[in-house]
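Before anything else, here's the structure in question.
The chains carry the letters A, B and C, assigned in the order they are written, with residues numbered from 1 in each.
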Amino acid sequence: MRNIRVIARLDIKNNYLIKGIHLEGLRKVGDPHEFSKKYYNQNIDEILYMDAVASLYGRNSLLDLIKRVSRDVFIPLTVGGGIRSIHDATEILRSGADKIAINTAAIKDPSLIESLSKRFGAQCIVLSVEAKRKSDHTWEAMTDNGREHSGLDVIDWVREACTLGAGEVLVTSIDNEGTRKGFDVELMRQVSTSVTVPIIASGGFGKNQDLVDVVKIADVNAVSIAHDLHYAKTTIDEVKNYAIENGINLRRNIL
Amino acid sequence: MKFKIREIDYSKYVGDKDLEAYYGLPSEVKFCRNCVISNQRPNSTQEYKNKMGVKKSTIHFDDEGVCDACRVAEAKRTTIDWQERERELEELCSKFRRNDGQYDCIVPGSGGKDSVYTSHVLKYKYKMNPLTVTWAPHMYTDWGWKNFQNWIHVGGFDNQLNTPNGHIHRLLTRLAVENLFHPFQPFFFGQKALAPKLACLLNIPLIFYGENEAEYGNPITTHNSPLQNQEYYAFKESEELYLAGTSVRELQDEYGLSKNDLLPYMPADPMLLKKNKVQVHYLGYYLKWHPQSCYYYSVENAGFQASPERNLGTYSKYASLDDKIDDFHFYTTFLKFGIGRATYDASQEIRSQDIERDEGVALVNRFDGEYPHRFEKEVFQYLSINKEEFGRLADLFESPIMTNEYFTNLCEHHRSPHLWKYDNGKWALRHRVTNL
Amino acid sequence: MKVYLIDYGMGNLLSIENAFTKCGAEIEYIKEPIAPEKINHLILPGVGAFADGMEELSKRGFTPFLKEYFRLQKPLIGICLGMQMLFDSSSEFGEHSGLGFIPGKVLEIPNTDSGGHIYKRPFIGWSELNHPNPSKTHFSRPILKDVPINSSMYFVHSYYATETNPDHLVAYTTYGDAIIPAIVQKDLTVGCQFHPEKSAAAGLQIIKNFLTF
């Protein structure tokens, strides 16, 4: 077990930090740049920016935000949402992002994963999966911010994507996200045991124990938190200290 | 046989001169400068008088090209004194609140975000004792049913579900489609009239709906009153009443339906309403309405879940998701008025300041008018008036079974030439909303 | 203070520029060699495969340039793939020669330990810096001035340096049973396996320290 990473997830629409539920709703929270600086100073390990409407509007608008944030925030930044081509990825990486996350475009054309991975390296390519529960033990991968069916089983799709060169997998449970009822641990466990690349669990964090549960039971490598940080239901310190007390290795702030 | 394949005169749709405008719609098509609705948007119709040939009254645009609904939204932000309005609500509640365990108000709804919000806030914040009443959708979606149950069991409410005889409901729906191309009309009757009728029967005179239709385009003056226009749910018996575009007399004499069959669709009796002092209020008059906030509220308080997939014809997942016939309702409005579901949703979200106008334009052009294929099979089955189930009523239809061919014919028949052009076997809207 | 950054088409240069700028330096990109005498601080970045990296350097004429710069004994920092190329060779996608500035061989990180536990690759995450001498309580070498022992740094890699000279090992981290050289240094040439520009305040401190060389 390595140090588990705690990642702040920021869903963005038009330069606003927003927070939805079940990947729906545009409730504004505030200025994403300010929130990014705040989390950086509070010792967050990584920040994930998802453009919540890029697929819908057919445009990318995070470039400016990333350029600004990367001047103040010196931890890994991942950007996802509406990335459709090598050109899109290049622009985003050139603007200061370290990793890109893709979903819709990859499902439509899986060879894109291969091209991106060859061009930028697998460690730069995060497969983003929006998982909707279909039965007790199966999930479907959705696209377009949780709106369209792909017909693909999540586990099968993740396996395929990793052989094509995805270096990490971000798994978001649509059923749990925004509800604070805990992660979909079974989903995370199944994904984690099917591939050898690191897994980031996303969707449903509502109390500090949730991190401990999903790490211990599903063996994920990173955990993404949104609602509870944005609405100050907990702090990064609280989350990390609780995890450490419960036997989880995390990066501590010594400096 | 009354209902046959209609002949379509395609020449009406060619060229761009002297185009006929059906339904009495304005011949010139304009789009609001603030949201993306067009001037073809029909205002709420008096459904009890609705039959073929009735002229629609449509949304009003002012001299600046801004629609009434946007002006209402503006007033909500700038001129309405919401503190004062809330005070009025508290006064109203104090007047009707009962402390003897009996219900003191009725909240009609389906367990969607609006009725969840309305009932929850009245019960838990304003300490009323609501009875929620539901007029069943034509065909529940799985998630719609789940949300309805969660409303009751997670939100914590008493509920009375009223489901009309499916047989009659299907017949009326088919007739509404034939006569008016309006599959949702039978739902509207119950949605509006059930609560006032129950108010009389159960002696609960106060009724709360969600927001006023003026927020979506009905004449702006109607926004100044907390009360719903009685015309929507009551009707003077002396006038000729129409259901599904057919007079009640005809339904009884020629279709063989009985008074019993039609009872659920009857409007409330104005005399009885007066005697029982029934009042129908919009909670949206007293509390500033924001649909997306109702969504969040419903999730956080009553286990509401967004649709697991995008609603067809639009981009959203949180509104109007419990009836499989919904897709067809919006598709028919798209064909008749050139306005699809995305236009309605985007216009609402623009007025609510959730999205920008140019985003609305992109969404409308991407999603409006999507063919409702996801529940097509079930809906066609629903609309089929076959011999086995309906006996001789099947003889009224050249095509008792609803087929693709017959439905397509209906679609073509209802496209208004001033909105649609027909070119090389393809239909296209003459006017699409664009950025300013 | 001007710091030169080699742009050979591989690596997230903007992050490095932002971090060095934050530390008070002025970054100048060089896409082809310039006179080494002009340079006082040089950065060799890199993300991607070893063979590609060496080839891209070679294509643009950077190999002799770097050898000359190294001969002049001036401050050089190699980051991630940039550090790996400072060594003799790598076995990534076949045997390839590196710049040979620092003795060592680059091999793939084992993905299991002796107990059979799985260690995912690439190794992505934060890991603590350990002093090669377990009895020490703080780092004394200038590159790690004011960086507390056990500070976490951000690593992203699948290959690591082996057979290094103990004198060159400044700090290491562990992954499974593997001892991963995190910082190596020979004279004024420093290698960072992790990304100091992505390692928050502790990483920025390392950059500041390098600028004092």
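One rule holds for everything that comes next: a residue touches a chain if its C-beta (ideal position, glycine included) is under 8 Å from a C-beta of that chain, and two chains touch if they have at least 3 such contacts.
Note that the structure is a prediction, hence the values are computed from the model and not measured.
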| item | value |
| --- | --- |
| Far-end chain from chain A, centres as C-alpha averages | B |
| Central subunit by CA centre of mass proxy | A |
| Gap in Å, rounded to a whole number, between the CA centres of chain C and chain A | 28 |
| CA centroid of chain A to CA centroid of chain B, Å | 38 |
| Between chain B and chain C, centroid-to-centroid distance (C-alpha), Å | 65 |
| Multi-chain contact sites of chain A, meaning residues that touch two or more partners | none |
| Residues of chain A touching chain C in the complex | 1-5, 40, 43, 45, 70-72, 74-76, 93-96, 98, 120-124, 167-168, 196-198, 221-222, 251-252, 254-255 |
| Contact footprint of chain B on chain A as seen in their complex | 14, 21-27, 53, 56-58, 132, 142, 144, 146-149, 174-175, 178-179 |
| Chain A contact footprint on chain C (complex, rising order) | 12, 14-15, 18-19, 21-22, 47-49, 111, 117-128, 147-148, 150-152, 154, 156-158, 175, 195, 197-205 |
| Touching residues (chain side chain B, partner chain A) in the complex | 292-293, 295-296, 299, 305-306, 308-310, 315-318, 349, 354-356, 359, 362-363, 366 |
